[in-house]
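Next up: some structures, all given as structure tokens.
In the two complexes that follow, chain A is the common piece, with chain B as its partner first and chain C second.
Here is the complex of A and B:
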């Protein structure tokens, strides 16, 4: 899948570049989990910017859950941002909005990591 | 064909409390807003057409029992939850009106909420009745006899007068029962459960409850997509939210509304009936989850629409 990465202020920022469904969920997860480990090594947070993700099915949400479980025993915090209205509704309906900290903008997410 | 839901609650039969009835009355009177009705018919029209489901009705609290009616003279029923009692009484009435007395049951599994209606299934006391019980478990007869042992129930199994036949089915093999072609699939649940696809008179119904879907197991998911393929109706366990099903309630053996829609979309099924409702949910909560699920289906739809229904005790789906 399309995937870019940035590092700012010690935080790993990833930009999945397309919707996530059963066609590419394995690929999504295979990129996401190492990103948690990378954030752990750098002592920062992982920010997932969903700006280019129009939607995500249950298999994509599962990959996010796996990332959260990977982060749990570490100090890595996972923040999500750049969500369109559809992604926000998917997070609400699936209950995932209770599991992840959602930020309005990448700047807001970065500010949050700086504050902690 | 008609699919009739006699019990739709998961895990434990659930009675509505007085406070919930009171809330419905308050909601109805508020909606009436002082209106004067000319007749009972007018009141009925108001209730049926102007009140939202959680105010005018209830999803009910009987545990799993679903009838497929119309494929033949014989009865065909999935599971023996507490909804079976009412089905049995209705079937006695229908048999009095000339229908045959052969019952075919398909068991998802043998957990208590799926067999507890059997001791109250009155046709089992009729010597002219034949009861055939099908399932993937080899221990069905043992489970039914055990729950009627003296320590749990006053009437032993051997007191029943009906003629019994138990048949163990094997996944991958087809069975022909009561005018339907039946295929089963093993499901992820404690001590296994089984889902069924019934193909009858050109229509297909899938009954898949108490089934957790491990989304990382692509082979298993594809098997479910195939058994759901082009189904006219999929009855599926949607007990938890996806987040709960994957976190605190992982390995509890149940599924979510989101996975149900995704599987039905991939399989191009026509209708989904949400089923096996969480016993702690009141009618307002179940209605909200139903509306959320309709919205999720709209958001994720790529081709033809999947109609999202929410089963309740007494619900009928004509196919």
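Here is the complex of A and C:
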């Protein structure tokens, strides 16, 4: 994957960098779960920036669900940002708006983590 | 916009390993048709969900079976058809009726894929003809759904 990572203010920020489908969903999940654990260790949040993620199929949504379940017993909040119109629609259809806090920009997501 | 006679036709074995080849060819075809990105991306999602469901829950017991995919554009509508010779299988009836909340709890099921297909397209139709399943969807290009 074109996966990159950044750390700001104790928060883990990950950039999957490409659409998530059958071909890379396993790789996506294998990187996402450790990112949740890293956020837990650092005491921060996990921000997933979906810039350049043009779309995601249900296998990618499953990986996100696994990340949400991994975060559940911890204090890690998962925020998402950078979604295009297709991704917002997919999140709406799948009900994932209930699972993740959606922000319009990375800056607003970081501001939200600073406020908590 | 592509000529109505420019139809993409693909034949694949009923194996998930074929999805990459299908996706790449479909993506190239949709890009050549100068479709809005939202339409192109939703159709890529729809195609993967349908094919995954056919492979997992429908087709096919015989390794010589194939799945045909036909994609065409006409009058600002994209048509996609999936044809296979497996057992009778209608994804519209057999999954996808869950609420969004139930889908979040049951992601292992095929339901979320069909839910995406139903909501991302304008029309879906299943028929069984001459021992083959035909699943068709249409997607309006303007305005995007």
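By definition in this document, the second predicted complex is superposed on the first by the 116 of 116 C-alpha atoms of A that agree within 3 Å, B and C clash if a C-alpha of one lies under 4 Å from a C-alpha of the other, contacts with A are read in each partner's own complex, and residues count from 1 in each chain.
Everything below uses one rule, namely that a residue touches a chain if its C-beta (ideal position, glycine included) is under 8 Å from a C-beta of that chain, and two chains touch if they have at least 3 such contacts.
All figures in this text were calculated on a predicted structure; none of them were measured in a lab.
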So, after the overlay on chain A, do chain B and chain C clash or fit? They clash
Based on the superposed arrangement, let me know which partner A:86 touches: chain B (first), chain C (second), both, or neither? both
Look at A:57 in the shared chain and tell me whether it touches chain B only, chain C only, both, or neither; answer first, second, both or neither. both
Report task. Please work out whether A:41 is in contact with chain B alone, chain C alone, both, or neither, and reply first, second, both or neither. Result -> neither
Q. Which partner does A:5 reach: the first (chain B), the second (chain C), both, or neither?
A. neither
(message) Let me test your reading of the model: by the given contact rule, A:65 touches which partner, first (chain B), second (chain C), both or neither?
(response) both
- Message: Taking the superposition on A as described, I'd like to know which of chain B and chain C A:99 touches: first, second, both or neither.
- Response: both
Chain A positions within both the chain B interface and the chain C interface are 22, 55, 57-59, 61-62, 65, 86, 89-90, 93-96, 98-99
In the complex, chain A touches chain B at residues 22, 25-26, 55, 57-59, 61-62, 65, 86, 89-90, 92-96, 98-99
Listed in rising order, chain B residues that touch chain A in their complex are 215-216, 218, 221, 241-244, 246-247, 256-259, 262, 266, 292-293, 295-296, 299-300
Chain C partner, complex, touching residues on chain A are 19, 21-23, 54-59, 61-62, 65, 84-86, 89-90, 93-96, 98-99
Touching chain A in the complex, chain C uses residues 16, 19-20, 23, 37-38, 41-42, 44-45, 48-49, 52, 99-101, 103-104, 107-108, 112-113, 115-116, 119-120, 144
